[in-house]
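Pasting a structure below so you can have a look.
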Amino acid sequence: MKSHTAYLTFHTKKRKDIIPITDQVERIIRESGIQEGLALVSSMHLTASVIIQDEESGLWRDIMEWAEQVAPERPTYHHHRTGEDNGDAHLKNLLMHLQVVIPITRGRFDAGPWQRLFYVEFDGQRDKRVIVKVIGE
Amino acid sequence: MKSHTAYLTFHTKKRKDIIPITDQVERIIRESGIQEGLALVSSMHLTASVIIQDEESGLWRDIMEWAEQVAPERPTYHHHRTGEDNGDAHLKNLLMHLQVVIPITRGRFDAGPWQRLFYVEFDGQRDKRVIVKVIGE
Amino acid sequence: MKSHTAYLTFHTKKRKDIIPITDQVERIIRESGIQEGLALVSSMHLTASVIIQDEESGLWRDIMEWAEQVAPERPTYHHHRTGEDNGDAHLKNLLMHLQVVIPITRGRFDAGPWQRLFYVEFDGQRDKRVIVKVIGE
């Protein structure tokens, strides 16, 4: 079994944003030399997600508006008594899950026709990381 | 390390539906010959999920009604400006996550007492695929 | 490739609760002897979740209150016609997902600065299990 580990760093200008990362993850898979296996692509922070969705800007707006409806920003989270103001971002991370596992077949992300990877930031404007861990042969 | 990859195809008569897939996934695990490892069971589309839940039709109705409440069908999604009408299905996929990873112990899905696998379709009536990727030894 | 499987059992006094499990999972990773790989940490029940979040009790209250808003307790779930009363717990499990996959690097959970593991119980007061399956080398 082989393994390969890489870290991506994001620093968004906006507090909330969606960033395509398929090309970066595919490059890491190629660097690993692994032909058959799995890759974990996971946020290392509690206020961001990694998702698989469609490369369509209207849909990205829908996703962010929906997250705001289901887990809204508001001042009254208990978490804010610690001095934080990002309670909603923790809940949005739970809503969309922090990670995906992707299949690698013949050295490539074995994706469906429209499947693309995205980093979804809910509390940015600072350095945040994603881990990509590839295992296989 | 060994690996084994298989694809399941679904074409539901109804637009939204829940389909048991445990038997098909267990057959793929047996075919792999893998005794100890992990299997990724993941939707290859952005408008369907793979979940682990209970084989109980009342619960299935609860799950679909809940998804409709949290991520309702409506004409006003930005995504619909592209000609699509399935914005809700993308959000339901995010709500329930697209995939599960299952443990394989002594050649079998190492499941809890009621854990069964389901394909959850939110925008069917066309061919859609699930990938099952097994790795281990 | 090596693999290692362990099971954790929880029996909460309260019906709903959040329990830190990072130390137990890290002990299992050390026992496995695996230096590079992945660990699946997954609920074996349909009414509990495993999540990665922050060790902060205010946030835990926010998480439980949010789950109650998005997937509330109520008597009218179809699932309750079977004699059950935990329809909400099944939906909360779907909301937060049942599992996480964690990266192992140099023999340790390769976590971000605040990432801790938690078992989230939505229908406790009875024995329930989590599986930890480690694979790698």
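We just call them A, B and C in the order they show up, numbering each chain from 1.
Throughout what follows, a contact is a pair of C-beta atoms (placed from the backbone, for glycine too) under 8 Å apart; a residue touches a chain by one contact, two chains touch by 3 or more.
Everything numeric in this text was worked out from a predicted model, so none of it was measured.
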item: Self-contact between copies subunit A and subunit B, residue sets same or different by half; value: different
item: Angle of rotation relating subunit B to subunit C [CA atoms, steps of 5 degrees]; value: 120
item: For subunit A paired with subunit B, centre-to-centre distance based on mean C-alpha positions, whole Å; value: 20
item: Residue list for subunit C, restricted to those that touch at least two other chains; value: 1, 38, 70, 95, 97, 101, 135
item: Of all residues in subunit A, those that touch subunit B in their complex; value: 1, 36-38, 51-54, 56-59, 61-63, 66, 70, 95-97, 100-103, 105, 110-115, 135-137
item: Contact set on subunit C toward subunit B in their complex; value: 1, 3, 5, 38, 40, 42-46, 70-71, 77-82, 87, 90-91, 93-95, 97-99, 101, 129, 131, 133, 135
